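There's a structure below that I have some questions on.
Going in written order, the chains are labelled A, B, C and D, and every chain counts its residues from 1.
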Amino acid sequence: MAFLEVKGLEAFYGHTQALHGLDFELEEGGITTILGANGAGKTTTLRSICGMVRNNGSITFDGNSLIGKATENIVRLGIAHVPEGRGTFVRITTEENLRLGAYTIKGAKNIADAMDRVYNYFPRLKERRNQQAGTLSGGEQQMLAVGRALMLRPRLMLLDEPSFGLAPLIVKELFEILRSINNDEKVSMLLVEQNATLALNLADHAYLLETGRVVMSGTSEDISSDEAVRQSYLGY
Amino acid sequence: MTKLRKIAIATTTAATFFAGTAMAGNAPGVTDTEIMIGNTTAYSGPASVYGTIAKSISACWDWVNETGGINGRKIKWVSLDDAYSPPKTKEQIRKLVEREKVAFTFQTLGTPTNSAVHKYMNKKKVPHLFVATGATKWGQPKTFPWTMGWQPNYQTVGAIFGNYILQNYPNGKVAVMYQNDDYGKDYVIGMKRAMGDKYAMQVVKEETYEVTDPTIDSQIVSLKNSGADVFVNISIPKFAAQAIKKMYAIGWKPAHLLNDVAASISSTYKPAGIEKAKGIISVDFYKDPNDPEWKDDPDTNAWRAWMDKYYPGGDKANKMNAYGYAVCHTMMAVLKNAGDDLSRENIMKQAASLHEVAIPMLLPGMYADTSPTDFYPLEQMQMTRFDGTRSVRFGPLISAETE
Amino acid sequence: MEYFLQQTLSGLANGAIYACVALAVVMIYQAIDHFNFAQGEMAMFSTFIAWQMMQWGMPFWLVFPVCVVISFAGGVVIERVIFGPIHNAPVLSHVIVFIALFSIFNSLAGFIWEFTIKPFPSPFPEKDVLGTNLIAMHELGMIGITLVMLVMIYLFFRFTPIGLAMRAAAANPVSARLVGISVKWMLSLGWGLAAAIGAVAGMLIAPMVYLEPNMMLGILLYGFAGAVVGGLTSPGGAVAGGFLVGVAENLAGAYVIGSELKLTFALVLIVGVLLLRPAGLFGRVVVNRV
Amino acid sequence: MVADVNTSSAGRRAIPENPANNLAIAGIRLPVWNKILIAILLVVAVIAPFFLEDFDVFQMTYALVFAMAILGLNLLTGFNGQFSLGHSAFFGIGAYTTAMMMAHWEVAFYWTIIPAGIVCLVAGFLFGLPALRLEGLYLALATFALATAMPQILKYHAWEDLTGGVQGLDLDKPESPFPDTLSDDQYLYFIVLVVAIILFICAWNLVRGRTGRAMIAIRDNPIAAQTMGVNNAVYKSLTFGVSALYTGIAGSMSAIIIQFVAPDSFTFLLAVTFLVGLVVGGVASIPGAIFGGFFVLLIPNISEAVADMTGRTDAKGLSWAVYGLFLIITVYVMPSGAAGLVRLLVGKLARRG
């Protein structure tokens, strides 16, 4: 059984169905990306995994069914979600944000270690550790979001459009860090991106969504070389 | 004055208009076995402390009914909550008169609330009896022949205080604190009436408070600062107790004239601290059951026995339960006198012809007395001085006939 | 001069009342991002419970902690039982439930304990402070307890993981869930804490104003005023705001407007502060760059 | 949808802008149903008073008055997202305007309604100006303070001669010009009904038009509204004014019906009553206001009757506990108010036609 296995996933907002029977898998240690246009259901997929939308079907993570579980309990299994819009706690400091990320971690030493690791990846956050998080720049807040997720010592990280609204240079830096996190920490990643080029570069597997259904899947190389994908998503 | 005349004209035209529909025979709500009486009061809201009066009246009717009723008729008591909100009173009173079809209303509570139905009751010619407020306006037989008060009115008490000051502190400097509403202002009017020009000369400071004020400490401090040696305190028990405590705390010791509303050992003096209340001068017209003065008083003992049996949930230390009992007896006297003619006209007529009727729980020597031109049933009061254990009455019964 | 001093000190004493309530208001605001209009009534009800226990003969120093614990539990239970099923309802529906709680507590207290005022004992001796009659021992003690409470709350929110989690859950429930915080429990905890602080406030206020079901009606406005003046984001500010309102109200009453317009003064103060310093005098402006 | 714990989302409920127009019950399309229902309602409203006792007519009249006030609050809170706990103040100002004109200058009551509205429009606009800078909770607080201070302002001694001070003002009830066919209560009822219909139609047009779209845009996304060229400041303070105008006219009518105004009639509890009516009827629902009006008038009476059923005198005061329970149950059953419930039921019943 795959590390994360999603079968027949349907999701609803009120009476509106957003996902129509989604199937996909993710291998431990891998990076998988979900591509698609606006409204294809990418964000909804991530939210479904975390129990944030009403859904049907089956989601298993490392042998545990996630369906019907409360978000906070799903998180406790080691799934860290870097949400759309970064989800910064704006009223408190950077460091307090990170501390919150370690909410499920016991032991002062473990937390301190995790904090060191995060500061190692993101020295900028260390500089701004006592600053009110709302005053950080967009890029810094995105780093904070990833850092906060990392504090959880996750086994799977869900990333929702981390590049959104950031300058190209910062995006480049961020994605390099993501790759090293994946390498060093053995964190599996499920990445949702509009910027397909970027995503396919980072990921080893990719799924293509259209209106709540998987229309194509394969390795990143296969997908990148597909003519149709190239035209509609990669733009060359 | 013009306003009064206007009202007069309005009521006369109304009277002619309704003349044709005036009812013969018994009032609605009266059958061979029952008299239905309506009431509104504040079971909730800012004045809910008075709700117990209507509850004790209800208990009084239970007792009346158990002992055979009045002239063979039992009393049905329909009492509704108006939360002390005038529009709600209007709605509830109309419900009582038009839906429940009560014979009359009795002891409806509050000045603003009763004001909202004053005209309505007179237009409908429904007896609006013994309202539970001491405003002066309930005694105007010419313009409002269907409305009658009961307790000595606030202006009278104010006048008694005014006279007392003139006699005992002709050169005193007076500080006044009153509740910022019709009740408080009526006392001041009474004082001004009694003192005339001397009011402006002697009163060095006036302060007001709102029922919603958390404390009145600031007012007391500023009254003390005025250098007054006489303090006229027109407040409800909560604030009277606060005042007594604060005065003691800051060492202000004027002659303290406290209005009858708060002259209660259990509601005011005890919470404030008995020793701090020593020397307070007040006036009263009925017995404070908590006062050792009435420990062995047969009248009060009868009341206690009645409380035990018919209103066991009620607080025997609460003076208002004695008030309810006394006013209920006044009503009983009216209904007894009315005999079998329970038309609204006759009920009103009987209410207006009480001749020195003895009422339990009033101070010794007092009685209820009305006439077609005198719609103030209780007009006597007596001054008291709290000696640390009991309120000692002094001086004669003061009868302040209201003009 | 003595007059000024006395008015100021009596303002401080009143201010202590407002500060207590303001603190409770800010607490629940921090915990649930709402104002709870039933807060005053809950505090009043807790105080009656304490009063009842003393009537049964329990000593004050036993009653005090027991009442705080009972109130805490009561707050948690109310959140779980009453708000649990409607977590997803619109905010205004929650406000209606606050109003419902308000009526229920007020009405129940009147039913059980009647509306006559009850003296409530003060834990402090009735003595002059430093041989002057400027401020009563209880008032001083009350100011002290309020400050102690403030420090404890500050430490709790600042340095304990639970405190931090509570703030996070209130400010951003979605993100809070994503770091594994059970927002539901944080809400319940917030209610519990606010109820407990309310109980302390009630027990401190009652000796000054006398216990009765409508005790908190008028105080709540001033408590809100204190919270607004100090800043809703800052417990310390709320306490300072409470004292400020108390003193300002007394001095304005004594020297400027007289006692007839005190509530109006509170209105002007609230609107004025909000206009000049929307975050309150001590509050932090929340910035979020996007 | 995850619970949004933020006051500014007050009642984020779009007006039924309608895919529902294509739905049908029993073969009749919803817009047609709407018209039928409105027609029936109007007919009932016109005929009912002739079959009811005067007291019932009086109650219906007062429920309509509440409905108008609630509608006013709804324009502000429901459609514009501004929270007010202070509408009792505008209700009071409207009532006092009418009362003062009638008592001092002997103006006939019908000439006082529009001035009462205008005075409140101005008062609301002026209060709305500073309120512009206040968001959600802060606005709630400022308006709460307004409601609490209003009785004190009304009885302030400086204008005692005008307002009657603590005593309030007594009014003469307008008498029916056709005493043989219409009782006084019926006469007043029809006047209130006509005023209410006018106000409801105006509100309907307002929220459906350009202005309404701007109001709703400001509620849902003030920044976006601004970038779309909506002048938020003007719209927000104008909405405040119009809302106060509605509530003030309701207050004016209440003064005429009760024939008496006093400071104690316009306490904070009245503002709470409006808010309850608003939420129970349905946030941002115009017909919901009517339901709300009847609810806040009748439920306290029902609660009292329930408390009375215990047969205990001392249970009298429990009626407000019963009322509280009613409110909680109502929120459980209809978390989006009566309007929300109706929408839900209609949605279940309806099929695409």
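Quick note on the criterion: a contact is a pair of C-beta atoms (placed from the backbone, for glycine too) under 8 Å apart; a residue touches a chain by one contact, two chains touch by 3 or more.
Computed from a predicted structure; not experimentally measured.
The remaining chains, considered with chain B omitted and nothing else moved, are all joined by touching into one piece.
Summed over C-beta pairs in contact, the chain pair with the top total is C-D. Taking the mean Cα position of each chain as its centre, B sits at the greatest distance from chain A.
Mean C-alpha positions place chain C and chain D at a centre distance of 31 Å. Separating the CA-averaged centres of chain B and chain C is a span of 36 Å.
As a whole-number value, the distance joining the C-alpha centres of chain A and chain D reads 48 Å.
Averaging C-alpha coordinates per chain places the centre of chain A 42 Å away from that of chain C. Multi-chain contact residues of chain A (touching two or more other chains): 52.
The residues of chain C that reach two or more other chains are 106-107, 110, 174, 177, 221, 260, 262-263, listed in rising order. Among the residues of chain D, those touching two or more other chains are numbered 1-2, 148, 152, 314, 317, 319-320.
Touching chain A in their complex are the following residues of chain C: 161, 164-165, 167-168, 171-172, 174-183, 233, 284, 286-290.
By the touch criterion stated above, chain B contacts chain D in their complex at residues 3, 7, 10, 43-46, 48, 51, 54-55, 58-59, 79-81, 83-87, 90-91, 94-95, 98-99, 111-113, 115-116, 118-120, 180-182, 184-185, 210, 212, 311, 313-314. The touching residues of chain C, counted against chain B in their complex, run 3, 6-7, 10-11, 13-14, 17-18, 106-107, 110, 114-119, 133-134, 136, 205, 208-210, 212-214, 217-219, 221-222, 249-250, 253-254, 258-260, 262-263.
Per the touch definition, chain B reaches chain C in the complex via residues 43-44, 46, 48-49, 51-52, 180, 207-215, 217-219, 221-222, 225, 237-238, 241-242, 249-251, 266-267, 270-271, 315, 318. Taken together, the chain D residues at the contact with chain B in this complex read 53-55, 58-59, 62, 103, 148, 152, 155, 165-168, 170, 172-173, 254, 258-260, 262-265, 267, 269-270, 297, 301, 304, 313-314, 316-317, 319-320.
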